[in-house]
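Shared between the two complexes below is chain A, which has chain B as its partner in the first and chain C in the second.
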Partner chain A sequence: MAAPLSVEVEFGGGAELLFDGVKKHQVTLPGQEEPWDIRNLLVWIKKNLLKERPELFIQGDSVRPGILVLINDADWELLGELDYQLQDQDTILFISTLHGG
Partner chain B sequence: MCQVGENYGEPATEESQPAPRPGLDKTPVLDCKEGLPVVVIRAGDAFCSRDCFKAFYTHKFRAMLGKNRLIFPGEKVLLAWSGGPSSSSMVWQVLEGLSQDSAKRLRFVPGVIFVDEGAACGQSPEDRAKTLAEVKLILQTVGFPWYLVALEEVFGLPPAVLRCSAQEPAGTAGAYKAAVDSFLQQQHTPGTEGAEDSPSLAQQQGQLCQPPPQGPMGLQSPTGPPAAAQTEALSRLFHSVKTLTAKEELLQTLRTHLILHVARAHGYSKVMTGESCTRLAIKLMTNLALGRGAFLAWDTGFSDERHGDVVVVRPMRDHTLKEVAFYNHLFAVPSVFTPAIDTKAPEKASIHRLMEAFLLRLQTQFPSTVSTVYRTSEKLAKAPRDSHDTAHSEPRCLLCLCTLDVDGADSATAFGAQTSSHLSQMQPHTALAEAGMHPVPCCPPEVGSAQGCCRGPCERGDPRVCVLEWLCYGCRVNMKDLPSLDSLPPYILAEAQLRRQRAWVLQEVQEYLIADSDGEAETA
Partner chain C sequence: MAAREKVLALQAEVAQREEELSFLKQKLAAALLAEQEPPLEHLDPLSPLPPKAALSRDEILRYSRQLVLPELGVHGQLRLATASVLIVGCGGLGCPLAQYLAAAGVGRLGLVDYDVVEMSNLARQVLHGEALAGQAKAFSAAASLRRLNSAVECVPYAQALTPATALDLVRRYDVVADCSDNVPTRYLVNDACVLAGRPLVSASALRFEGQITVYHYDGGPCYRCVFPQPPPAETVTNCADGGVLGVVTGVLGCLQALEVLKIAAGLGPSYSGRMLLFDALRGHFRCIQLRIRRPDCAACGERPTVTDLQDYEAFCGSSATDKCRSLQLLSSEERVSVTDYKRLLDSGAPHLLLDVRPQVEVDICCLPHALHIPLKHLERRDAASLKLLGEAIGEGKRDTQPGAAFSIYVICKLGNDSQKAVKILQSLTEAHELDSLTVRDVVGGLMAWAAKIDRTFPQY
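Up next is the complex of A and B:
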């Protein structure tokens, strides 16, 4: 049983437009059976934060190609991508590099 | 490759071991022994710590400029800044480059142009004002002379924008060396060696911080928002375009013309655009699909000399968007997000979007995709500019300003057949003229030379034909999605008419010339 986590989720490069234009979201993830990883976080974001056109942000179980993910200012590719286990107070930043955001 | 920048301080003593990804055995960053790894740059074989990423990034930018030797010392260079990540990064690289110590300092004189495209993208006046305020704030921080131009100003452009200057772009290797030498000499003549350096730097910076001589607004129009009528006309134009693909192309064309005009008006001989390697790879594939294959080398190469006197340079073409985004984030490079014409559009809305999605998706599975496509663009060679009077001998596309790739008598391809039939339907005169048969002029040549009724085969016919015949293949296809060409800015229509008139006169003259030489041949 994983304890509830408090993390900061940020959007940039135009990705924030899908979230009502809000860039920073301080969120509390509820406790659940399995530990929180990025894969779960994306599902949670889709359910709770994403306001419109989910296909422009999430494709399959990952982010849309062209959206970069930074975990505590480091490339998520260094940290195991979808399998990275979230820690309390982590900052997850999504930057869209797509044309037009 | 983490050793590219020579001086990034003493290596730290403690080694911060990153948790390497499975399959990442070789991690060059470890040689650097400095800081935490931050970014995987390419194909998982290299990742850098923060400092050495910065050195690597800056080196790449300067190497791109250095190896091409196109920008002369003291030359005026206009930085085309859209507010987006790549061009913002470019402006910051130039800013840093100018403030470095004397040996490494960039030596050109920059200015920044921002084109406000709000009207084309359907932004509300309030949003536009907000964006402009942000833009101005950043421009003031940068301190270069700047030009803030609204896209509406295309309605006030003169037709001369569309004429390629006959002037050869200066720039051979020898000329570059000579220019550098003379620049260095100039710098060294006043004062003694040691003392001279700092005042000249201060002087130069002082000069840079001055506002541009004509105030911040670039064109003739006074400061303030563009006229409502022009905004209206522009949004009407963009609304009338049927597909997003054609809209994007049109926007790009108009923007280029505007930047070109500002560059010429203020004596800039180079324009730098911030297209990244990722963007260029996408552009290459998109342009292939759009039927612009003949101009790939110009559209995606490092330098683009199609305009003659103003050369477009792409110094960011070695940086991937990922690098750019990381750099901007890590080093807090300010940028302005403005919704583009395709913001929130679905993935299949335009060829541009589709290609972007295609390449980026492929890139996630095959990490060398973008670089492979990009390397291909590097190998494309341009046909040399043959003579000094290229501008006169070869007709150029009215929109993209490339040499026309459409053969008037092209009947071998489906497109050729289609256009010629289209043209002949619309305008019997054109078909006749193209077939070499001279139509009977409606008035004697003496009368109808300039202003008379012979001026107007266009006016009598459809302006569409008149414009279409001066377009290259790709632009013709795009213009099919524009139901009425009347809404195009007047300078394009005026130039089309002028060209047709000139072609008319030329044909007339040529007829006499041929008759003359025939006669001579016979007598000889």
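Up next is the complex of A and C:
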């Protein structure tokens, strides 16, 4: 049984507009059998934080192309992507890439 | 007193004539540049910048404040003078970038932009002025840069960067700056830089945020390593729809100039493999660690599949501009032109005009007889908004023949959101949440209204 985790979930680059414009969310993930990883964090976010148009954020069991995922300010690709196991006090940032100029 | 008045009148006249003269000079400079421009397909070869052994007295004076920086010094300045930089996009990022590179004494600047100067550009594209509205941005930028530093060679290319021309162009320059405003161009510039072996300093901005990084520098990742798949076209917001503050593009363009200068002077960039995120509203700069170069990258990997430039508009499912897209969600029977709507309005036929733009845009301008319910409220079936709509329909129906379907016309800025709103209202009617209705949208929205019906109506 994994203990509850306190993590900071942040959105930027316009991704926050799908979350009522709120960029920073201090969340407590409840204790569960399996350890928390990014894969089930995404499911949790979709159920608990996402306010509208999930297709603009989620694609399949991952994030849609064009959203960068940063775990404690490092590209999730360096840390196992969906399989990264969350630690207490982690900061997970979802940043929508900008194209304007 | 009379003498004093005469002095003032003459001073005013001189000032006015000077302004007219400067306006004409700017126009002339742009016209002269336009006259010289070669077609992009067969570019005249650029002569290599001659190596420079020493700075002149004038150059020492001009660059003295940066020359005394030990990190740069005479050595760095000489490198800048023989460096060439290709700037893709002379807009909100490209203007400040080019301005600082010219001011710092970079030898040659290639300026690519297919677009023309519009009044709505001037709040952020600081090399362009009122006098050159309607002229090509590449020429306008070049004219402005020449006034700033005549020693810098400016080469305007007033055409789109295309897969046919990009590689040849990129090969002519040492460093490339991506100041473009759309996804296909970003992939095109990246692939051309990888194929030509050039470092790419890339920035972007929207609303109050900006991002900057350096791709394909000294074994670092390229754009495709970080973004192997383009974003779905409907998730991409342009500056016209999302808005952008000029200072934000200015900050990002300056940071881009800084990275270009450090690469050109041999100091090396700070943001290779890292990305700086700027949040102007919160006053935050945040640096994130990007992935390393991907061995399986389609462009810079060990077995690249991108060995030639491709059709990037097809790859991204969007066009290589930041102009607003026109959606086609409704049949022609479900839509009316602004001319037909004006006729209906003049006939006094009972109907409801529903404006579905966000409040911030309604504050800019609106038609006084419209009811405002933002699309977002309709999308989430907001109860208060539906009540308001139901009441407005009930009121309108009192003037309609009993049994006849009541007409709603939906309008927005350009005619995209209005189609989405029609779809929602149709579904509400089918689910009997609203009474029987005929719902249509106004093609081209309020901007078509401003262009075709009421010339005094603001455009934004």
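Note that the second predicted complex is superposed on the first by the 97 of 101 C-alpha atoms of A that agree within 3 Å, B and C clash if a C-alpha of one lies under 4 Å from a C-alpha of the other, contacts with A are read in each partner's own complex, and residues count from 1 in each chain.
Keep this in mind: contacts are C-beta pairs under 8 Å (C-beta built on N, C-alpha and C of every residue); 3 or more make two chains touch, one makes a residue touch a chain.
This one's a predicted model, so the numbers in the text were calculated from it and none came from an experiment.
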When the two structures are laid over each other on chain A, do chain B and chain C clash or fit? clash
When the two structures are overlaid on chain A, which partner does A:Gly80 contact: first (chain B), second (chain C), both, or neither? first
Scan A:His99 for contacts with chain B and chain C and give back first, second, both or neither. both
Quick one: is A:Glu33 in contact with chain B, with chain C, with both, or with neither? Answer first, second, both or neither. neither
Of the two partner chains, chain B (first) and chain C (second), which one does A:Gly12 touch, if any: first, second, both, or neither? both
Looking only at the overlay on chain A, choose which of 145-153, 415-423 or 469-477 in chain B hits chain C. 145-153
Once the two structures are fitted together, what part of chain A is touched by chain B and by chain C alike? 12-14, 52-53, 56, 65-66, 68, 70, 73-75, 77-78, 93, 95, 97-101
In the complex of these two chains, what residues of chain B are touching chain A? 18-19, 21, 36-40, 44, 47, 85, 278-279, 282, 321-322, 324-326, 329-330, 337, 339-347, 352-353, 356-357, 360-361, 363-364
Touching residues (chain side chain A, partner chain C) in the complex: 12-14, 23, 52-53, 56, 64-68, 70, 73-75, 77-78, 93, 95-101
Sort out for me which residues of chain A touch chain B in the complex. 12-14, 17-18, 52-53, 55-56, 65-66, 68, 70, 73-75, 77-80, 93, 95, 97-101
Residues on chain C engaged by chain A in the complex (per definition of touch): 89, 91-94, 178-183, 186, 203-207, 209-211, 226-232, 234-239, 242, 244, 249, 275, 277, 279, 282, 286-292, 322, 376, 379-380
